[in-house]
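The following pair of complexes shares a single chain, subunit A, combined with subunit B in the former and subunit C in the latter.
Take a look at the complex of A and B:
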């Protein structure tokens, strides 16, 4: 009875010790599981896929066919539609015909004149209901000015109080990205984690050159090899994303090619390590090359991509981590994902490092 | 002996060694002539962009051929003497300056040969020369440093290409862009910033080299 109790206690103590020393590993795994579950199961906010026609004339009555994504028009109470040119120039739909949850036809009586003297104005389509909240499509309808309309309708100021707000946890809908917006948590986060691992490896290399402690060099090499694997995963996830949004797995885009070159530089680091037999000069030279390669990575990643236009976010006027593309719901998953992937990367690096040490001990080199 | 005197002496020594073994320089010159002649016979008529690309590709391989040798010709036996008498930075700086002079000479020769074979496309000679000199400055720093890294390993030439070629990309891309502007192929009002960046990358490489060289040559 007591013996069994003792065994259970010792197992418990072992588990407790593991948790005490390896809490960050558990944290990384738990956060990443959470990122996987929440990141892949949270639905997108409703959005408008397309509307037709795209052009109308003043004084006309237009039936705008609207095709939406993830919306619930059939169940929606208080479904309303507006066309908005500016805050003072709004008309609401005269009639809304709900065909299904995804399709509606909204009829707009466009007034005879604009107050401005412009030949045409772009208008934004706004839908609102209790279930879906706001659904917005900018530049949905171009309205051309035309003489002699017969409409009785007038432009009115926009009444924001009438809008229903829905506060549930949803990712934003972006027309070209669609569901792939979730790749932000994996593709972007794994590049961040790779960069952090490379910085850790750089620090170990510098510390090796100062202290000449052989284990520091093995640590640096372990971190670099895991960073290379992360980089390859980053390229693979980015490639899939590029196929969806740009239509090709690989383009001649500058950022893609620079990241491929960065991987090549670190593969060269690995080749340098394997080609030197003497263990001391191997450690010293690969530490030196690691520092040098990192210094060369800075012009490669921060200067060259600015030279040319690029489709990739973060270059040539495309916003990356800012503006509308990374809203607060995405941030709540994206930042934990960086932390989790970094922790997992450090974990794998530690295992690689211990494996290397064991290998050297077995081979009698160390 | 202060370091300036040391550097001056070492550069003189490099020239003397080169003069005694003219075969290495002669082989690089022959490489230049045959490479540009092969291009002349295969391309026949080329446009401006191909001219620039050919120039830099031949330049990269000429630099690899030249600088790999600068650490191999009896360097192993002289190293102990260098190590006991001179500061490491003096040795590296003297190598940098010597290689820069030789590479510039080779570059000018290549420029001449390319003009002879394919004609000249240059519209802005001063901008072209800036791209030329700063590009060679960066290439030279990069190659001199990588060559010093691989003296301890086997199959030098292959390893040199593997280590140096990916790292040349930022330098060569900037230099090609500056040359394209000097040829009038693209319009860019802010090309001065590119020239500055190319110069800054060259300085960064040489600074890193001088900083890290003491760790490399101690064997």
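Take a look at the complex of A and C:
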């Protein structure tokens, strides 16, 4: 019994010791614990999972069945629905039949003609209530133009003042991403942390070439090896995420292949170091190779994926860290996560480096 | 050193306490909390392991310094 208390207090004492001389180590752990708790328990904003039918004709009265997620239709006051073609072409629902918190049927009287004279128009479905705020489904209903409608309804400009706003701390709902949007805090953040560790490693390599200080080379190698592990974690986590959103563990997406090449280049750094016995030439060669590898990393990860089609946000014309992909609520967890993972990465690198130094000193002593 | 930690902890706990009032579809089943608990325990175990390794290293470094 007392022995158990002993181990608990010894863990407590060791943590306190670590806090004294390396408070940033514990800070990283505390922030990441917070990221785990808040990042995994914060609910998503309500969103529309599906609506049917997807096609309607002008002059028709259509019952749109809507299935939503995380919504409170039954409790909602002032629930309204609109179909919107453009800001000046909007109709509101003639009737809304609430079935449950997640299901409603909205009836729309579609006017007889479009003013645009097009054969068909895509319309966005907008729901709004006091509880849920806005729920939007783009391209919900394609409306085909048809002669001889009997509708009395007319398109009107959209009155934004009627909308209720809800400022809850909630993550955005994105179709296909759904709950996996939380992976941003882990998958994307670990790539950012890897990149920061590689920058630190690059700085140590350059400083080594200037000063020829042997310990700087060991520091550079420690940071690179932890960064490689982070990169491998990034690839593994991305692969799992891709399976559940894009449908395959590995796609021919440029960013995947280019980051795989980048990891291989850094793995070659590892092999290079272990294959050279002479300490001085090993340090010099690996420092030069590290600079070369970093110079390759920039075009591989940041330039080439932006030039071609990619499924990743920020590439191939997709908006980068902006819009709904990374809104302010996500940022509040995403940035701390990068800081925490970087601090933990620096900590592990620090332990790796010190272990290497101790090993060398012991080898020298005996 | 204590105060910044408390503020950081509080800033993380605040949104949770605000959210605890409403029960939506995602959390109404309640099982996500067990997942979070498991992941947090796993992560903290790794951190405690890191802390102990860090301290053992510090001891070794001191020993080597005294011997040489």
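As a convention for this text, the second predicted complex is superposed on the first by the 334 of 366 C-alpha atoms of A that agree within 3 Å, B and C clash if a C-alpha of one lies under 4 Å from a C-alpha of the other, contacts with A are read in each partner's own complex, and residues count from 1 in each chain.
Following the convention adopted for this analysis, a contact is a pair of C-beta atoms (placed from the backbone, for glycine too) under 8 Å apart; a residue touches a chain by one contact, two chains touch by 3 or more.
None of these values were measured; they are calculated from a predicted model.
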| item | value |
| --- | --- |
| Which superposed partner A:69 touches (first subunit B, second subunit C, both, neither) | second |
| When both partners are placed on the shared chain, which of subunit B and subunit C touches more of subunit A | C |
| Partner chain in contact with A:209 - subunit B first, subunit C second, else both or neither | first |
| Which of subunit B and subunit C A:362 touches, first, second, both or neither | second |
| Which superposed partner A:240 touches (first subunit B, second subunit C, both, neither) | neither |
| Which of subunit B and subunit C A:285 touches, first, second, both or neither | first |
| Footprint overlap on subunit A, comparing subunit B with subunit C | none |
| Residues of subunit B that touch subunit A when the two form their complex | 145, 149-150, 152-155, 159, 162-163, 166-167, 169-170, 173-174, 177, 194, 197, 201, 204-205, 208-209, 212, 215-216, 218-219 |
| Subunit A residues touching subunit C - in the complex, by the definition given at the top | 11, 14-15, 17-19, 21-23, 25-27, 29-34, 36-38, 40-44, 69-70, 72, 101-102, 169, 179, 347-348, 350-351, 354-355, 357-358, 361-362, 365 |
| Subunit A - residues contacting subunit B, complex | 209, 261, 264-265, 268, 271-272, 275-278, 281, 284-285, 287-289, 291-293, 295-296, 298-300, 303-304, 307 |
| Subunit C residues within the subunit A interface of the complex | 1, 5, 8-9, 11-12, 15-16, 18-19, 24-27, 32-33, 35-36, 39-40, 43-44, 47-48, 50-55, 57-58, 60-61, 64, 67-68 |
